[in-house]
Amino acid sequence: MDNTTMIAVASIVIAGLTTSFGCLGPALAEGKAVATALTSLAQQPDASATITRTLFVGLAMIESTAIYCFVVSMILIFANPFWNHVIDLTAGK
Amino acid sequence: MDNTTMIAVASIVIAGLTTSFGCLGPALAEGKAVATALTSLAQQPDASATITRTLFVGLAMIESTAIYCFVVSMILIFANPFWNHVIDLTAGK
Amino acid sequence: MDNTTMIAVASIVIAGLTTSFGCLGPALAEGKAVATALTSLAQQPDASATITRTLFVGLAMIESTAIYCFVVSMILIFANPFWNHVIDLTAGK
Amino acid sequence: MDNTTMIAVASIVIAGLTTSFGCLGPALAEGKAVATALTSLAQQPDASATITRTLFVGLAMIESTAIYCFVVSMILIFANPFWNHVIDLTAGK
Amino acid sequence: MDNTTMIAVASIVIAGLTTSFGCLGPALAEGKAVATALTSLAQQPDASATITRTLFVGLAMIESTAIYCFVVSMILIFANPFWNHVIDLTAGK
Amino acid sequence: MDNTTMIAVASIVIAGLTTSFGCLGPALAEGKAVATALTSLAQQPDASATITRTLFVGLAMIESTAIYCFVVSMILIFANPFWNHVIDLTAGK
Amino acid sequence: MDNTTMIAVASIVIAGLTTSFGCLGPALAEGKAVATALTSLAQQPDASATITRTLFVGLAMIESTAIYCFVVSMILIFANPFWNHVIDLTAGK
Amino acid sequence: MDNTTMIAVASIVIAGLTTSFGCLGPALAEGKAVATALTSLAQQPDASATITRTLFVGLAMIESTAIYCFVVSMILIFANPFWNHVIDLTAGK
Amino acid sequence: MDNTTMIAVASIVIAGLTTSFGCLGPALAEGKAVATALTSLAQQPDASATITRTLFVGLAMIESTAIYCFVVSMILIFANPFWNHVIDLTAGK
Amino acid sequence: MDNTTMIAVASIVIAGLTTSFGCLGPALAEGKAVATALTSLAQQPDASATITRTLFVGLAMIESTAIYCFVVSMILIFANPFWNHVIDLTAGK
Amino acid sequence: MDNTTMIAVASIVIAGLTTSFGCLGPALAEGKAVATALTSLAQQPDASATITRTLFVGLAMIESTAIYCFVVSMILIFANPFWNHVIDLTAGK
Amino acid sequence: MDNTTMIAVASIVIAGLTTSFGCLGPALAEGKAVATALTSLAQQPDASATITRTLFVGLAMIESTAIYCFVVSMILIFANPFWNHVIDLTAGK
Amino acid sequence: MDNTTMIAVASIVIAGLTTSFGCLGPALAEGKAVATALTSLAQQPDASATITRTLFVGLAMIESTAIYCFVVSMILIFANPFWNHVIDLTAGK
Amino acid sequence: MDNTTMIAVASIVIAGLTTSFGCLGPALAEGKAVATALTSLAQQPDASATITRTLFVGLAMIESTAIYCFVVSMILIFANPFWNHVIDLTAGK
């Protein structure tokens, strides 16, 4: 059963690291975008509609990279093809 | 029982690292967003409604990446499919 | 008893690292937020009510990420499901 | 079956790291692009059409590098030629 | 007695690292907060009451993260549940 | 079959790392180029034709380095001469 | 006597690292605070009483984090409960 | 056949790393050059001919260092003298 | 005699590292404080008494953290309780 | 034949690393030089002859360091005295 | 004689590292202090007496941390109590 | 023949690293010097003779450090005294 | 003779590292001091006597830390007490 | 003959690293000094005599630290006392 364990350990480790490391960039990028939006609003309150809209589109784009990482984590935990293969093998044995 | 232990150790290690490392980015990003909000408020007190609203939406987006990490940690500690599989195996044995 | 020890060591190590590393980001972020609040107060003393309120909401959001890490540490030390499982096993044996 | 496991572990590890590390650059770059777009909008609201269009083209270019990484991850998880080769071998054995 | 020693060593190592590493962030953050407070005082001496009060609240928030780390260290040295468990075991043996 | 596995593992690992690491530089560089383009457009809307053209040429140059990395990854996964050699050997054996 | 030695070595190593690493942050933070105090004094000599008082309170707060580290080091060298336990054991044996 | 494998693994690993790492510098440098070109065009539209020409010469120089790395990668994959020597040896054996 | 040697080696290594690493922070901090003092003196020669006094108090505070490290080093070399314990043991044996 | 392989592996690894790492500095330096040239051209179009000439001399100097690295790589791959010595030995044996 | 050698090796290694690493901070700090002194002299030549005096006091403070490191190195090379102890032992044996 | 190989491998590895790492500093330094020369030429075209002369003397000084590294690499590849000694030994044996 | 070799290797390694690493700080610090001296001379040519004198005193202080490192290297190569001790032992044996 | 080889390998490795790493600092420092000299010349062409003289003295001081490293490398390659000792031993044996 050693193989099953190794795949499980690898999946656990990588699922955690992917989410935590993959959130570093998007979080900082969103922080920067939000911060600039606030500066721009204070500087040009009249353009608040355009600024807010552009901000939300931008946040959606940035969040998408965080979503990629979260999705890969979820695949590795709940729909891992390598794990399924090994489980099927040991079950059929 | 070696396999159970290895999965437990991996889950503990990654649960901790995911939360602690995954909080680094959001914390810094929120710090930047709050700091700019304060600067903007001091610069343009009249726009305080728009600034505050945009700040809260932004903080929610950033906090969401921290939440992803916390959720993965909780899954690894309390609903870990690999751990459950191994426990079921050793129990049914 | 080797397995118990490994889980204990992993829990100790990660409990400490999670808290100490997880406090780095929030501390720096709070330092930045407080520093900007002071600058803003010196620049626009009339807006001190709004600034102080926004600062406290922001500090609460940032502190929350430190709390996540502290909670995970406490769970790992005092309510660790893997530890409990292994203790129950060795006790029932 | 050791070989199958090693290839599975390598694929899992690299699929996660590729996505999480590969999202760092694009996320930061998009954050910078969005932030500058907001500054430019606040500075020159009249040019908002050109700015928005250039921003979206730029975001698409940057997102493309994140997509490359995501695609490589997906190939490694769901269409891995090395894994297929090894599985065929062990199945035909 | 090997297990006892391993837990003791892990507790010593982590107790020290948690405090020393966990003090890095708060110290730098407090340095920044104090420095900005001094700048603000020099710039707006009339607002010294508000500035001083906000500074102290902020320092308290930041210090709290250092306290978390110190508390975890103290728990690991003087109230370590894993150590107590192992000591009880070897004593009762 | 150990050799086949080692080459497969190395190819998987390097294919992932090459793409993910190789996208870091181009992504950041494109982010910088797009950001400056937006600033320039806001500053000199009349020169938008020249700016846009120069931006696209520049983005193409930068993207080319990301393409090099992606191509090397694809070669390593789908047209790897070392893998083919080893497969031929084991097949002919 | 191997266990005693391991605990002694760990205590020595961590006592030194805790103090030396734990002094990095406070030293830099105090340097920053003192530097800003000097700038503020040169800029606003009339507020020297308030500035000096705030500086000393701030230095005390920052120094406290260095003290935490020094205290942990001293505990590990001169009042180490794990060391005492092991010494008692070997003495009573 | 161990030697063949080691050389193959080394060639794969280094071919990937050389391209991915070697593209980091040129990509950033081109990003900087393009960004400054855009700033200069916005500042002095009249000199656009000279600026564009100098930019293209500069980009060619910078791209040349990326080409060096790509060439070394291709040599290592498709025209590797060490690999050829070992293959000849094992074939002639 | 292996244990004695290990403790001696650990003490030597840590005594050196504690002093050298522990001096990094204070040296940089004092450099910053002295540098700002010189700037302030050049800017406001009339406040030279207050500036010099504050500088010396600040330098004393910063130097204290270097002293902590030096003291720990000296304790580890010349008054190391773990070394004394082991020497006594081997002497009494 | 182990020795031959080790020398081959070392040559492959270092040939790749020398080129890829050695191109980092020159690429960044050329990027900086080109960028400043563009700024200078925009600022002083009249001095474009002197600026262009100085830029090309400078780029040649910087490129020379990249050439050194490329030359060392080529020597290691195609004219490696250590490899030749070992090949002669094994051939003459 | 293995123990003697280990202590000698540790002393050599740490003596060198302590001096070389311990000189990094003071050198940079003195560079900064001297640089600011020169700026201040150019800005306020009339205050040259006060500036020079403060500079020398500051340099003495900073140099002191380099001296600490040099002293520890010299102690480890020429007056190492652990080395003396081991030499006495082997001599008396 | 193991010794010969080890010396050969060490020489290959260090020859490559010395050149590639040793070119990093000079390349960046020359990039900075050339960049400042271009800025200075744009700012003060009349002093172009003095600036160009000083630039060339400076570049020669900086290039000299890159030459040192290249020379050491060449010595290690083509005139390595340790290699010659070992070759003589094995030849004379 | 293994002990002699280990001490020789350690002395060689540390002698080189001490000089090369120990020169990093002083070189950068002197570069900064010289650079500021040149700026100051250009800004205030009348104070050139005071500036030059202060620069030379400063350079002497900074160079002293590089000398410490060089001296330790020379001691380790030509007057190493540990090496002498071991040589005497093996000679007298 | 293992000892001779180890000393040779250590000497080769350290000779290369000392030169390449030891040139990093001086190269960057000279780049900075030359760059500032060019800025100063452009700003104050009348002081070119004083500036050039100070620059050359400064470059000589900085180059001296690179010379130290080169000298240590040459000593380690061509006048290594440890190597000579071991060669004499093996020759006399």
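Quick notes
Order of writing sets the chain letters: A, B, C, D, E, F, G, H, I, J, K, L, M and N. Residues in each chain are counted from 1.
Going forward, a contact is a pair of C-beta atoms (placed from the backbone, for glycine too) under 8 Å apart; a residue touches a chain by one contact, two chains touch by 3 or more.
Chain labels with UniProt names: A, B, C, D, E, F, G, H, I, J, K, L, M, N = ATP synthase subunit c.
Quantities reported herein were computed from a predicted structural model and do not represent experimental measurements.
Taken together, chain H and chain L share the touching chains J. At the interface between chain M and chain N, under half of the residue numbers involved are used by both copies, so each side presents largely different positions.
Between chain J and chain K, the centres computed from C-alpha atoms are 38 Å apart. The mean-CA centres of chain B and chain M are about 48 angstrom from one another, to the nearest whole unit. Separation between the centroids of chain I and chain N, computed from CA atoms only, is 30 Å.
Chain D and chain F have centres, each the mean of its CA atoms, that are 11 Å apart. For chain B, the set of residues that touch two or more other chains comprises 11, 13, 15, 17, 19, 21, 24-26, 28, 30-33, 35-37, 39, 41, 43, 55, 59, 66, 73.
Chain contact topology: the protein chains form a single closed ring, every chain touching exactly two others. Contact ring, oriented from chain K toward chain M: the chain order is K, M, N, L, J, H, F, D, A, B, C, E, G, I. Contacts from chain H toward chain F in the complex involve residues 1-2, 4-5, 8-9, 11-13, 15-17, 19-21, 23-28, 30-39, 41-43, 45, 48, 52, 55, 59, 63, 66, 70, 73, 77-78, 83, 87. Per the touch definition, chain N reaches chain M in the complex via residues 3, 6-7, 10-11, 13-15, 17-19, 21-22, 24-26, 28-33, 35-37, 39-41, 43-44, 46-47, 50-51, 54-55, 58-59, 61-62, 64-66, 68-69, 72-73, 75-76, 80-82, 85-86, 89.
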